[in-house]
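Some structures are shown below for you to check.
Each of the next two complexes has subunit A plus one other chain: subunit B in the first, subunit C in the second.
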Partner chain A sequence: MSAPLSTVDIKARHRAAEILRKRFLEVIEAIMRGEEPRLVIPKRTLSNTIFDDERMLLLLGPDKFERSFLDMREARKFMQTVLMASIIFEALINNEYPTIRDLYYRGKHTIRYRDHRGRIREENTWDEQQESDSVLRDVEVYTGLLREDMLILSKEKGKVVGDMRIRSGDDVIDLSKMGHGAYAIEPTPDLIEFIDVNAEFVLVVEKDAVFQQLHRAGFWKKYRAILITSAGQPDRATRRFVRRLNEELGLPVYILTDADPYGWYIYSVFRIGSITLSYESERLATPNAKFIGVSMTDIFGDPETGKKPYLTEAERRNFIIKAKKTDIKRAKELMNYKWFQTPKWKKEIGIFLRKQSKLEIEALTGKGLKFLMDVYLPTKLKTGDFIG
Partner chain B sequence: MSKTAEKFRSISPAEFFYRNKEIAGFSNPARALYQTVRELVENALDATDAHGILPDIQVVIERDPNKPIVYRVSVKDNGIGIPPQYVPDAFGRVLFSSKYVLRQTRGMFGLGAKMVVLYSQITVGEPIEVVTSPINSRRIYAFKLLIDVRENKPIVLYRASWRKESDWHGTYVKVAVEGDWGRSKSKILEYIQRTAIITPYANIYFKDPEGRVRIYRRVTTKIPPPPRETKPHPHGIDLEMLKLMIKSSDASTLQEFLEKEFQGIGKVTAGRFLRSIGLDPSRSLASLTRKDIERLAEALRSYKDFRPPRADHLSPIGSEIIKIGLSAILKPEFVDAVTRKPAVYGGHAFIVEVGIAYGGAIQPSDSPILLRFANKIPLLYDERSDVAWKVVSENIDWGYYGIQFPAPLAVLVHICSTKIPYKGVGKESIADVPVIEQEIENGVRQVARSLKSYLARKKREEEMARRVVTIIKYIPDIARSLSVFTRASEPKIPSEELEARLFEIVKSKVGVAPSIKSPRDVVISVE
Partner chain C sequence: MSAPLSTVDIKARHRAAEILRKRFLEVIEAIMRGEEPRLVIPKRTLSNTIFDDERMLLLLGPDKFERSFLDMREARKFMQTVLMASIIFEALINNEYPTIRDLYYRGKHTIRYRDHRGRIREENTWDEQQESDSVLRDVEVYTGLLREDMLILSKEKGKVVGDMRIRSGDDVIDLSKMGHGAYAIEPTPDLIEFIDVNAEFVLVVEKDAVFQQLHRAGFWKKYRAILITSAGQPDRATRRFVRRLNEELGLPVYILTDADPYGWYIYSVFRIGSITLSYESERLATPNAKFIGVSMTDIFGDPETGKKPYLTEAERRNFIIKAKKTDIKRAKELMNYKWFQTPKWKKEIGIFLRKQSKLEIEALTGKGLKFLMDVYLPTKLKTGDFIG
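Moving on to the complex of A and B:
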């Protein structure tokens, strides 16, 4: 670490380290009092994931479990949890930015011991990264600190361009001057400072390729948009960044995905949160995000509202892909989620199940990039044809 | 039946056995060598422990250097010895016996030794050598004997005696027989080993024809009380025996005869019994007709009002000695034994003893290793037809006692009685007498329950130990991790202190085996 740390960074470090220290001092104090050491951790299970109707968020429920050191089934996890916390703590005070892979390697070592029959045995503190990742999540929920708060890095996946200036570290970056490239959204989006912005809305595109096409065609300039791609399932940084744009700058957020259950779920993760990581929704989800398309009514029209389809009969024949069994299964699962039980979503999923058809965004660019950029998207935005 | 018996008596008993050597266990050279060892060892033990002497037994089998099928078996003991005047008859006259009394001994009337002599005579023809010195005698007596088969009497070829220089007393017997060591080796070794199990108070020295010496050292000086002589119980009498008893009795009247020769019959009972079958108590013994004797035998066996047979003359080994024997020879991790209360079958008192040994040096097998004994004699042949086998293999569901085969399990069953109900003439297995079967089963269940609770306790303790290790092995890592949080602020708590505290918590809340004094007794440094 030759370069001096930015002030936001130092502040974030101190805050996270202090919270970690406090939480684990509780355990140390219990030990010094001769009490059984235990960690009370919110449960990260589906049954403890609740949907907050009012705030439209998937949240961690109130259920907690006790991880006691003296409980034979939990002893190993207990060791792993304090091990993970200590590694993170050390990294914070040493001004380091570990990745989750680094955490895995730093904590991994062999415990050699004599079993109850006197045989020498060996056991690793953890074997797979899955194990260390799992206790990292436990540390997150136990301390209420997300990994970004603890300055743990992950692979950058999301990209952004637009007429906007931000401060990252001690540099000011102009997101309108990225050439053909784009700014990779950093894994610690809370350390980004928004300087100024000149845009009316945010468009998130699931597909990286479509993002690039729209970027080169100057979509964001022409329509005063911040253009973002999640490149598939959004990572936490992209979700947090989108959330901040919406919350702090008041920009409406529209999400463009494939017309299939996986596209819908990507939208759902942006908006509601994910089930496996429900504890982070409060900070990552964007409840106001709208699903702009591609929707089933875009493909087939809607006789009820008199909406005309964007595709002709012939185009449909060419572009539509037959839904697979797994798509159907996934769609039926989504129907069970409360936030997919609105009239519009019911209609959407209903058409899908009837037609058993799906469509990729690229089908629209197949009709010509101009069609996507200058017909489809502006029309949808102007007429308010999206699902909220 | 009586006719046949009389016909048998018309030839000499020696000749009878000579012609029927199979029934006494001399059917082939291998079996004969085994039987020879067995008979001589049993006589040696009877001469010692039955008289309260801790046995020192020396068994040597040598192969004749010129005639490979000829073996010389010698057995030396430190027993009471044999008065010199009785030696020729003791080894050279079949059915030599002075009195019809019953006593629980290994052999009966010393018949076995005479069979050995007969067999030796048929196969090799050398005389038997006997050296003996009765207890308290100052002399040693030596004999060389053969049996005159037709006349059923001993032929003494050599007789000598000399002053004793040492304080030895006992008997030394050496006999040459045709044998087959190769085929009898495993049985003989097994016999010696099982004898060692049942007589852990003996020193047994055994040298085999290959020159290999096995020594089973005395591991206890406890010795079962010697069996005492007793009179027969009326329920256990048969016609032949009754006739012989009448013949040898010096009682004059019937009532006196019953009173003197039987257990469980007093004056009043004798009178009442005799009147109930219409015989005059004062009638003279000599005047009894064959019909009267038959009626008497029948009634003696069935009359209900005799006192039950007494068992105080029996000599069980005792659960202590059984446990010591099993432990010393099998080296198991668990052992238990029980001596049942005396019970009665057909007029004979008997006692069942059961031992159990588990784990340790015992090799796992698909069924329990059954160690059968009758009056302290190991029974090695015909296992599958023995009532004890039926009990351990059919009656008992070992799964109920927590045993899954293959398992390292040995069960010892000892029956002692003045009359063992052998199956067949080979005397190698015990008949399915229901009351005996029940006694064995109860005994086996008793020790199996004790094994079951041992296994359950062991499992619990092991589970506990496993649990503790599972927790303790993480202590150093947890202590090191937690101490990191105190490094940057006061008070600093070193890892070693947290380690000690955590260990104390485990000790007080879970319990730790005393062998573990710190987490470092479990966790081995990898660095």
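Moving on to the complex of A and C:
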């Protein structure tokens, strides 16, 4: 490949390859000293996933486990881990950009060996991608390198527009000059350099179509916002990009989703991280992200605070969707999460369970894009009517 | 909304509003003349969907049907059509950018009326979005305006990078300066102006992750390509954008998908259009788009032509996925389509049915991104080894 590679990529490659080499060199050195080769890896189990109250983050706890080459039960996993590390290392030094699917394919083969009774046996390195993905996670927690640090790419859905300039690769990109289109966020958002920004907050919209509408109507220009869509459940790059805008530029982050447990979970992933992948949260989550709506009190009002609903009786009749059984079940699950046990969230989930009603953002644009853009969002922002 | 609207949008609005007004004015004028109000609309049925051999396109045939206000069976549909047209017209003159979901919400309400026996009855304008979407299609074929012409927005997945400059809205965008990210195509690609282009062909990749890899490795720079991903089944905007690159700039278009019936269908949608929405094909399809791979002869070779396979025996063993029953069924369905009845496609589908095997593009990047970029794609292009 003779096309010039971006200088940031070359630097990132060297760093990751060096860390990977060092961490696995320790194993080799152990062998040289006549010791049993083993890997000590942080546990990624639910019982070792801790919610840090102060930082408002899901994090890996202190538990570790040993993966030893000489333990029969662990030998296969040990081999898989070393195999994965070597595939990634090779990709790094060969200027490759593998995906997790590639890593699965690259490692997939059948090993023939003689067992202790001399019989020839066959074993696959791994059968399903689920298995190689799990091994990759072990490599991530063992080295402290996220996959993005190792130039492992993935598909991306996140888009952004707003009055800011960034450097990505060797280009400077003006995110306020995207016309009717948008900038599709890269899979390695840590390599983006923020050059300058002229905005007061970040609005993340769950739905791509609503993002298109707000963008086209000039929302971000008029209200000095960085406008982002996650196009559904956010991917890692979108989460990391949002976190960096918050942490490094000090921009408050507001998340706009449908009024249903699925929308709440999207907010939760942005804010707290995903439960099964808590080791990423430390870099991917935005602990002070706010849920701006659509909230149940937006739909029904709140007698306790005197808040009036944004929808009329007739609009509620036309727009509300009856909650499904799975929605109810999901809402009850969310109630168990510590970060949903605040007074505001209790009220929100309580109304949902009583009314068994949900609402899409599009019901608000159904009332008029002007309503969403110039009434609903500005009022919510001005009165501080958000959760989180 | 005081944010400045783009000048192309204002022009597009005026044009669409004028056509819409004229077409529905005819109905009103008929009423004024004492005639029965009715709409004559091209039929969107399968029997009126014709495959045009010469243009290689699915098109609507000459059949039309009448929707009359005074026909009891048609009155509701007539009302729905007029309602939809008036909602769109209002959105156009109010500088709104509705989505099809919005149109559903905007029109959704209950009409109370007295029937001929004097009883009060209630009827919903429409119940499901399926119903309002169908009415929107009637408005499209009746007016000859596609939804994009009426500034109806939608979510978009398509991305592009390459050495070309475009004007979108009031901005000029250099698609060769996107860093590691990409340009997300706008929902109204007809409003894009091509300023200049420096490329020899268009490569459309089904998978976003593979697009990321080829982009990052500099494929489009090295091989002078416009690189696009549809991120799965292509949306309308991506299809229209590709068509325009082909038609207006004369660039050949190559489609790269997984080697399976699902991938072939993606190719088919790009090339011929979708069967259920044939009225769009005339503007959305790219009749001379080529299927560059991954083909069955790439995997297994071709004794007839002496073509050698790109995979070794061992690679086939590791990479091939066994076809599912639904894949077989889908393949047999595709055989019925006229445009899959060419010798090359017959061979392709024949091998698939015999071997019952499929393969992902990632199996090729699993062999190495260099292999995909510097061996597979250039060889296929140089030897003209594609279908279509």
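What we mean here is this: the second predicted complex is superposed on the first by the 377 of 388 C-alpha atoms of A that agree within 3 Å, B and C clash if a C-alpha of one lies under 4 Å from a C-alpha of the other, contacts with A are read in each partner's own complex, and residues count from 1 in each chain.
The rule is simple: a residue touches a chain if its C-beta (ideal position, glycine included) is under 8 Å from a C-beta of that chain, and two chains touch if they have at least 3 such contacts.
Just so it is clear, the model here is predicted, and its values are computed rather than measured.
Novice: Now for A:E35: first (subunit B), second (subunit C), both, or neither, which partner does it touch?
Specialist: First partner only.
Novice: Looking at A:L25 after the superposition, I want to know if it touches subunit B, subunit C, both of them or none. Which is it: first, second, both, neither?
Specialist: The answer is first: A:L25 touches subunit B but not subunit C.
Novice: Please name the chain, subunit B or subunit C, that touches the greater number of residues in subunit A.
Specialist: C
Novice: With both complexes overlaid on chain A, does A:Q212 touch subunit B (first), subunit C (second), both or neither?
Specialist: Only subunit C; A:Q212 stays clear of subunit B.
Novice: So, does A:V82 touch the first partner subunit B, the second partner subunit C, both, or neither?
Specialist: first
Novice: Applying the touch criterion given at the start, work out whether A:R106 contacts subunit B, subunit C, both or neither, answering first, second, both or neither.
Specialist: second
Novice: Answer with first, second, both or neither: which of subunit B and subunit C does A:L369 touch in the superposed model?
Specialist: Second partner only, subunit C.
Novice: Between subunit B and subunit C, whom does A:I120 touch in the aligned arrangement: first, second, both, or neither?
Specialist: Once the two structures are laid over each other on A, A:I120 reaches subunit B alone.
Novice: Of the two partner chains, subunit B (first) and subunit C (second), which one does A:I275 touch, if any: first, second, both, or neither?
Specialist: So A:I275 meets neither subunit B nor subunit C here.
Novice: Of all the subunit A residues, which ones make contact with subunit B and with subunit C?
Specialist: Shared contact residues on subunit A (touching subunit B in one complex, subunit C in the other): 109-110.
Novice: Applying the document's contact rule, which stretches of subunit A touch subunit B when the two form their complex?
Specialist: For this pair, the touching residues of subunit A are 17, 20-21, 24-25, 27-28, 31-32, 34-37, 69-70, 72, 75-76, 78-79, 82-83, 85-86, 89-90, 93, 109-116, 120, 123, 125.
Novice: Could you list, by residue number, the parts of subunit C that touch subunit A in their complex?
Specialist: Of all residues in subunit C, those touching subunit A are 1-6, 9, 94-99, 101-102, 104-106, 108-110, 153-157, 159, 166-173, 177-188, 191-192, 207-210, 212-213, 216-219, 221-222, 231, 314, 317-319, 360, 362-363, 365-370, 373-374.
Novice: Under the definition above, what is the set of subunit B residues touching subunit A in their complex?
Specialist: Residues 462, 465-474, 476-478, 480-482, 484-486, 488-489, 493, 498, 501-502, 504-506, 508-510, 521-526.
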